[in-house]
Amino acid sequence: MDFAHSAKAADYLARVGDFIRTEIEPVEADYHHELAAMDDPWVVLPVIEELKAKAREAGLWNLFLKAESGLANVEYAPLAELMGRSFIAPEVFNCNAPDTGNMEVLHMYGSDEQKKRWLEPLLRGEIRSAFCMTEPDVASSDATNMAATAVVKNDEIVLNGRKWFSTGIGHPNCKVAIFMGLTDPDAHKYARHSMVLVPLDTPGFKLERMLPVFGRHDEPFGHGEVSFTDVRLPLDAVIAGPGRGFEIAQGRLGPGRIHHCMRLIGLAEKALELACERATQREAFGKPLANLGGNRERIADARIAIEQARLLVLNAAWKLDTYGLKGALSEVSQIKVVVPNMALDVIDMSIQLHGGAGMTDDFPLAAAYAGARSLRLADGPDEVHRGVVARIELKKYSS
Amino acid sequence: MDFAHSAKAADYLARVGDFIRTEIEPVEADYHHELAAMDDPWVVLPVIEELKAKAREAGLWNLFLKAESGLANVEYAPLAELMGRSFIAPEVFNCNAPDTGNMEVLHMYGSDEQKKRWLEPLLRGEIRSAFCMTEPDVASSDATNMAATAVVKNDEIVLNGRKWFSTGIGHPNCKVAIFMGLTDPDAHKYARHSMVLVPLDTPGFKLERMLPVFGRHDEPFGHGEVSFTDVRLPLDAVIAGPGRGFEIAQGRLGPGRIHHCMRLIGLAEKALELACERATQREAFGKPLANLGGNRERIADARIAIEQARLLVLNAAWKLDTYGLKGALSEVSQIKVVVPNMALDVIDMSIQLHGGAGMTDDFPLAAAYAGARSLRLADGPDEVHRGVVARIELKKYSS
Amino acid sequence: MDFAHSAKAADYLARVGDFIRTEIEPVEADYHHELAAMDDPWVVLPVIEELKAKAREAGLWNLFLKAESGLANVEYAPLAELMGRSFIAPEVFNCNAPDTGNMEVLHMYGSDEQKKRWLEPLLRGEIRSAFCMTEPDVASSDATNMAATAVVKNDEIVLNGRKWFSTGIGHPNCKVAIFMGLTDPDAHKYARHSMVLVPLDTPGFKLERMLPVFGRHDEPFGHGEVSFTDVRLPLDAVIAGPGRGFEIAQGRLGPGRIHHCMRLIGLAEKALELACERATQREAFGKPLANLGGNRERIADARIAIEQARLLVLNAAWKLDTYGLKGALSEVSQIKVVVPNMALDVIDMSIQLHGGAGMTDDFPLAAAYAGARSLRLADGPDEVHRGVVARIELKKYSS
Amino acid sequence: MDFAHSAKAADYLARVGDFIRTEIEPVEADYHHELAAMDDPWVVLPVIEELKAKAREAGLWNLFLKAESGLANVEYAPLAELMGRSFIAPEVFNCNAPDTGNMEVLHMYGSDEQKKRWLEPLLRGEIRSAFCMTEPDVASSDATNMAATAVVKNDEIVLNGRKWFSTGIGHPNCKVAIFMGLTDPDAHKYARHSMVLVPLDTPGFKLERMLPVFGRHDEPFGHGEVSFTDVRLPLDAVIAGPGRGFEIAQGRLGPGRIHHCMRLIGLAEKALELACERATQREAFGKPLANLGGNRERIADARIAIEQARLLVLNAAWKLDTYGLKGALSEVSQIKVVVPNMALDVIDMSIQLHGGAGMTDDFPLAAAYAGARSLRLADGPDEVHRGVVARIELKKYSS
C-alpha cells in the first residue's frame, strides 16, 4: 500500500498546479466580470482561446484520455481535482464535461469516419459537444423509462423525443450531440437503445430553451431542453451500431464519475481555503472569526470530510484501473453519493463564514453550491447510487 | 393550554386562505413567466396592483399591524404562514418585509410629520421602503462593528457609509430608506446610533449595484448595495431623535423574526405539498416514488420538522404577546436558528424528489431554497442566535 | 391559542416539583448506591415505600388517571416530565409504566371482578404488573406476526408462547401480567387477538431470564423473557372478552406514548442541566468548558431541541384530549419518533461534556442513555412510526 | 499510488483471518456465556490460554511490534481491524491495549533492566499491564491540568495522586502500571512530567473501585479508579529518566490511535455484517427487513462510511510510517474524530435493525456500542482532536 503519487502524476500535478496559479487564477475574476457584463454571454471570450493555446503548447492537454496522456485514472484524478478549483480550467485544459465522456466514447466505439469528423476536432478543442440522455417527462433514474426513440428505417435512423439537462448545448462551438433513444423494445433490456451522433444543424433538432439551474444559466455552456422531431440520419451516425447504447453508456460512466467527483473535491478545497482566509482575516466581537464558537470545529470537520472523500475517489479510480468497471461498481456509486454531499457541506459552511457576501457572486461560493447540488441528481440521484451499493452489499448474504 | 386558534384568527385564516387559493395561486405562474420575459423586470406588473386593490377591499390589508387589524402576534403568525406560500402574496396583502418592520417603527417611534409623509402612503401600499443596516466591510453580526456614521451638525444630520443587502431598494415604488449609523461613539453602547429616514432622491445617496443572491436578483424588489456620501438631512429626519437607533432596532426585531419564520414555514409546507404530489404521481422502477427507498421516511421527517418548528414559532409569538420582547429573547433566537434550517431541509428534500426539474424555475423550489438560505444570515446568522440562546441558558448557572 | 398551563395543572406542577426537589432528589443518589451494593438488588428498599406513602398523603398519587385526578392528558403531561427527571419518581407517585397503561386498560375494559382483584391493589400501589406483548422470534413491529396463542377451549383460555421485554416482571411485587395472543386466525385482522390477565403463579408461566438492556438490568423492575406453556385460565381472565386485544392495545397506546415521551423530556432537561453545571464549573485550557469550541452551540441546540419536542408532545396530548386517538394518530407517531432521538442527542452531548465520568454511574447519564435508546424500539420502532406519519400525509394526495 | 496490500501483509491477513474464523469465532459465544455465569468473572478462562498458545505457535503473536514482526503500521493496521471484530482476539494475539502501547514504550525507552523485568513477560503474554494517566478531578483533555505528582527525593521517586480509567487493571495477571505525574512544575511544559513503572504490590497503591462504563465492567480487564499515596520507588523505576513523560506519551499515541481506530473499523464491519444478515433473514409486513423503508439506504451509508474511515486510517498509518508522528499529527487526530463516531453510527443502525434483541447481550452490539462510545473520550475527546486538526489547517493562513 503506497499513498504517494507516481512520478509521472507528481510531475503533471506540479505543472498543472503552476499553470492554474500563474495563468488562470490571475485572470479568472476578470473573466467572470467581463462575461457578466455582456448583453449576450453565450460567447467564448478571447482569453479562453489564449489560455487553451498555452495549455496545449505546455503539453497540458487532453490529459483525461489515457491514449493521449498515458495517465491511469488514479493518476489523472488529482489533476481533475486541481482543475475543479476553477470554473474555466477544465475547458482550458480540454478536459471539461461532457466533452471528455463524449471523446472517450468516440475513442472506444467510434468508426474511423466518426473519429475523423468529430473526435479529432474535439481533441483539438475546436468544437464542443453535448450529451442528450435525460428526459423531462419520465424519471430518468430508471433508464427503462426512456421515452425517446431511435428507430431504424431502411438505411436511416429516425430520432424522436425530448431531452433536457443537455449540458454545453448553449456553447457557440457546440456542433454535435450524442442522442440516446429506444430502438428495439423487444430486445434484451440492455440491447434496446442506440447512441446517435446528431449534428446540431440537422433538420428536426430544436433547442427549446436554456434551463436555469438554481437561478444560473452557466453561460456559455448552459443546460438545454431540446426536441428531436423526425430527425433523420444515415445509419453510420449510430455509434457502434444500433442496440449498443446501454453498453456504451455504462463504459462512459465510470471515469466520468471519477472526474466529476475529483473536480468537486477541488471545489471543496477551494471553498475551505476561502473559509480559512475569511476566518483568519475577518473579526467580530474583537476576535477573528476562527476563534468564535464552533468555527474551528467546522473547519476541522471540513478538512476531515475532504480527506475521506478524496481517498475514496482515489481508491475507486485505482479499482477501476485494476479491476475494470465491473470490479468497481460499488466504489463508483459510493463516491457519487459521498462527494457531492460532502462538497455541499463544505461550501455551505464557507458561505456561512462569509456572511451575506458568500451568497453573492463576489465569491465563487454560491455558484459552487449550485454546481455541487446539481451533481446530487446528474448521472443518477443519490438514492439510486445508494441502491446500487446496498444491492452489492446484500448480495453476499442471499442464500 | 389551548392549541386552537382564536375565533378572529380562524376567520382571517379562512379568508386569507381563500383569497390565496382563488385570487393569487391561479395567476402566480403567469406572473413569474411574464416578469421573466421582460427586458426590464424592475417593474410592478398590473396584476399586482389589481390584487392589492382586491385584498384591501376584502379587508385583508395591513394585517401585521395590531393597531390596524387588532391581531396579536400569535394570531397574525398563521396568516404570515399562508402568505409565505407565495412569492407575491406578502405584497398583495401589504405585509411584505422590510416594509412591515419599517411601518412598525414609524407607527411606534415616528413623529406626526414622519407618519404623514411616510407611514400613510406605506399603509396605503403606494410606496415601498428599504432598511439600510448591514455593511459590506465589517462583520454585521457584531453591531458594534458598524462603520457608517450619522453625525449631527447644527440642525442637520450628515450620513456617510456603505450598506448592502438593502432589500426592496430596487422596487420602482421604493421612495425611502431607513439608515442606521453611528452618532456618538462616546455614548453608552446602546445609545450611540441613530435611525434616519432618507428619501432616495437625496443628494449623496447612490444605488451602487443590485446584488445577486444565489444567482437571483429577486426582481422587482432586489437587494442593493448603496452608498451614502455626505447625505445631509434636517434633524427631523431622525426617528425618535439621535442616539435611539439601537432601541428602535431591538423593538423591530421580535415581530419581524416571527413574520420571517412563519413565512418560511409556509414555504416549507408548500415544498412538502409539492414533494407529496411528485411522490404520488411520478413513477420509477414500476412504483410511485413514494414507495421507493427512504422517501416515505423523508416525507415523515419533513412533516415532523414543520410541526415542531411551527409550534416553536407560535409559542414565541405568544410569549412576545404575553411577556414582551425581554421575556421572549431566547425564544425569538431559537426560532431564528430552527426555522431557516428546517425549511432548507424540507425544500432540499423536495428538490431531490423532483429530480432535475426541481433545480429549474419550473417549480418554485430553487427560488425557495435561495430565500431560505439567505435567512440563515439575514437578521443575525445562526451562530449569533445560538450564542444568545446559550447565554440565557447558562446565566441560570453562573454563581 | 394559549400556552399557559391551566390553574389546576399549574398547582400540581408546583406541588410535584416541590416534592421531587425536597423529598426525592436528596435521597436518590443514596438509593442507587444502596441498591447497587446489594447482593440481590431485586428488592423494594424501604425508602421507596416511605416516599410512596408521603406522595399518596400529599394527594400526588395516580395523577395519570383522569378518573382519579381529573387531569386531561395535556395537564398531566408536564407532571410526567417532572417525574421523568428521576428514576424512582414514577413509582413514588404510582405513575410508572407499564402499570399506568395496565391500570388504564383495567379501568376502561375490566370487569368488576377484574377491577377488584387487580386494579384496586394497583391503584393502591400494593402490587405491580407486567405487559407481555413483544416476542423474540418475530418482528414485533408487525403485529400480524404475533405467534403466541390464546385459544378458547370450553370455559377456559389456554395460553402458549414466548414473550420478552416484559418490563417490570422482575419486581418483587409484580403479581400479574397482561398477555396478548392469537385467538381466532380467521377473524378480521383486528379481532383475532385477546388480552388475558395471568397471575404470575399460574402453572405453565415461567420467567426464563432477565434481559440486560445496554448492559443494565434496571433492578428491581427489569425486563423479562417469559414463556407460557399451556397456561390455563378461566374465561373471565380475558379482558373484555376474546378477540378484543387489538382494540384494547390501541386505546392503551396514545396516552402511554405521551407519558413515555414526557418522561424522556424530563430526562433530557436533567441531562441539559447537568451539562450546564459541568460547563460552567469545569475548566480546561484556562477557561470553563462553556467557553471552549462549539460547546455553547451544543447547549443552545439542546435547549432548542427540547423546546420543540415538548411543544410537539403537548400539542399531541391536546389533540388526544380534543379529538381522541383517531384525531391524533399522526401526532402520537410523530412524538414517538422525535422525542427518544432528541433525548439521546441531549444526553450524549451531556456525557461528552462530562468526559469519562459521564460514562460511569457517578452521573445518571449512561443509564439515561440506555433508557432513551430502548424507546427508539419499544412501542414500535422509529421506522414504523415514520411509516404511519407518511401514510397519513400521503393519503391527502391519493386520487 | 497503490491500494494493494504488500505480500507480507496479505499473507498475515489470510492467516489471522483464518485463525479468527476457525479458532476464535466458534468458541467466542461460549466464552462470554461461561464468563457471564461466574460469580467472580475477574478470571482468565482456560480457553484464552489455549488460544494464546496456538496463536503464538502459529507465529501470530506480537504482530503490532515492528521489531518483532517487521510489519509497518500500514501493514499491521488491517490485522488490527480483523482482531477488532472479536472481544477476545486482541488478547489471543497478544495485541491488546494498553499492553501494546506499554510494550512499545518499554521497547523504545526502557532500560535493559526494565525490559527484562517487564517487557519480556509482557511479550510472552504472561503478565498484563495498565496505564495511569487520566484523573477524575481535572479535565484530562488539557494535559497541563494533571494533578498527580512524581517527585524525586534523593534516590527515590515518590508518587501521589488519583487516576481513573486505568484499563486492564482488574485483570488477574496485571502486575504493573505505568504512572504519569508532575515532577518539576518549573521546567518547560513538555519536560515537567515523568513516567514511572509501579508494581501493583507497591505499598501506597490502591485499587479504589472498578468503574462501570455504560453499565459494563468489561471483565476480566475492567477500568479502575486507583490511588497512589506516597508510593516510593527507586529512581530506576522511572522510564528514560525524570521529565521525559510527555515525550514518551507523544510517541505512544500515534500507533496506539491507529490500533484503536482499526479495531473499531473491524467492530463496525462486524456490526454491518450482522445488520445484513438480519435484514435478509428477518421478515415484517411480508418482506425481508432489507426491503422495507430506508433500510437499504442505511446499509449503503454504513458501507460507505466504513470504506472512507478505513482509507483515512490506512493513509494516516502510511504517513506515520513515511514521515513520522510530526508528519502525521493532523491525520492521527482526524481518524480519532472520525472512526469512533462512524462506528457508533453503524453499530446503532445495526442495533435498530435487530430490534430489542440488539440491546441485549444476545448479540455483541450493545457491548460494541459502549466500547466505541468510550473512544470518543479516551485518548482525547473529539473536541480536542478537532482543535488539533483546525490548528494545523489554519496555521497555513496566519500571517
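As written, the chain order gives the labels A, B, C and D, with residue 1 at the start of each chain.
One rule holds for everything that comes next: a residue touches a chain if its C-beta (ideal position, glycine included) is under 8 Å from a C-beta of that chain, and two chains touch if they have at least 3 such contacts.
The chain lineup, named per UniProt: A, B, C, D = Acyl-CoA dehydrogenase.
It should be emphasised that the depicted structure is a prediction, and the values quoted were computed from it without experimental measurement.
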Report summary line: In contact with subunit A (Acyl-CoA dehydrogenase) and subunit D (Acyl-CoA dehydrogenase) alike are the chains B, C
Query raised in the report: Comparing A-B against B-D, which pair counts more contacting C-beta pairs?
Result: A-B
**Report entry** Between subunit C (Acyl-CoA dehydrogenase) and subunit B (Acyl-CoA dehydrogenase), distance of the C-alpha-averaged centres to the nearest whole Å
**Finding:** 43
Query raised in the report: CA centre of subunit A (Acyl-CoA dehydrogenase) versus CA centre of subunit B (Acyl-CoA dehydrogenase): separation in Å?
Result: 37
**Report entry** Approximate Å spacing (C-alpha centroids) for the pair subunit B (Acyl-CoA dehydrogenase), subunit D (Acyl-CoA dehydrogenase)
**Finding:** 53
Query raised in the report: Going by the touch rule set out above, which residues of subunit B (Acyl-CoA dehydrogenase) reach two or more other chains?
Result: 293-294, 296-297, 383, 386-387
Query raised in the report: Taking the complex as given, what residues does subunit D (Acyl-CoA dehydrogenase) use to touch subunit B (Acyl-CoA dehydrogenase)?
Result: 293-294, 296-298
Report task. Provide the residue numbers of subunit B (Acyl-CoA dehydrogenase) that touch subunit C (Acyl-CoA dehydrogenase) in the complex, in ascending order. Result -> 1-6, 9, 74-75, 272, 276-277, 279-280, 290, 296-297, 299-301, 303-304, 307-309, 311-312, 314-315, 318-319, 322, 330-331, 334, 337-338, 383, 385-387, 389-391, 393-394, 396-399
Requested in this report: Provide the residue numbers of subunit D (Acyl-CoA dehydrogenase) that touch subunit C (Acyl-CoA dehydrogenase) in the complex, in ascending order.
Outcome: 134, 136, 139-142, 145, 164-165, 211-216, 282-285, 289, 292-295, 351-352, 355-361, 366-367, 369-370, 373-374, 376-378, 381-383, 386-387
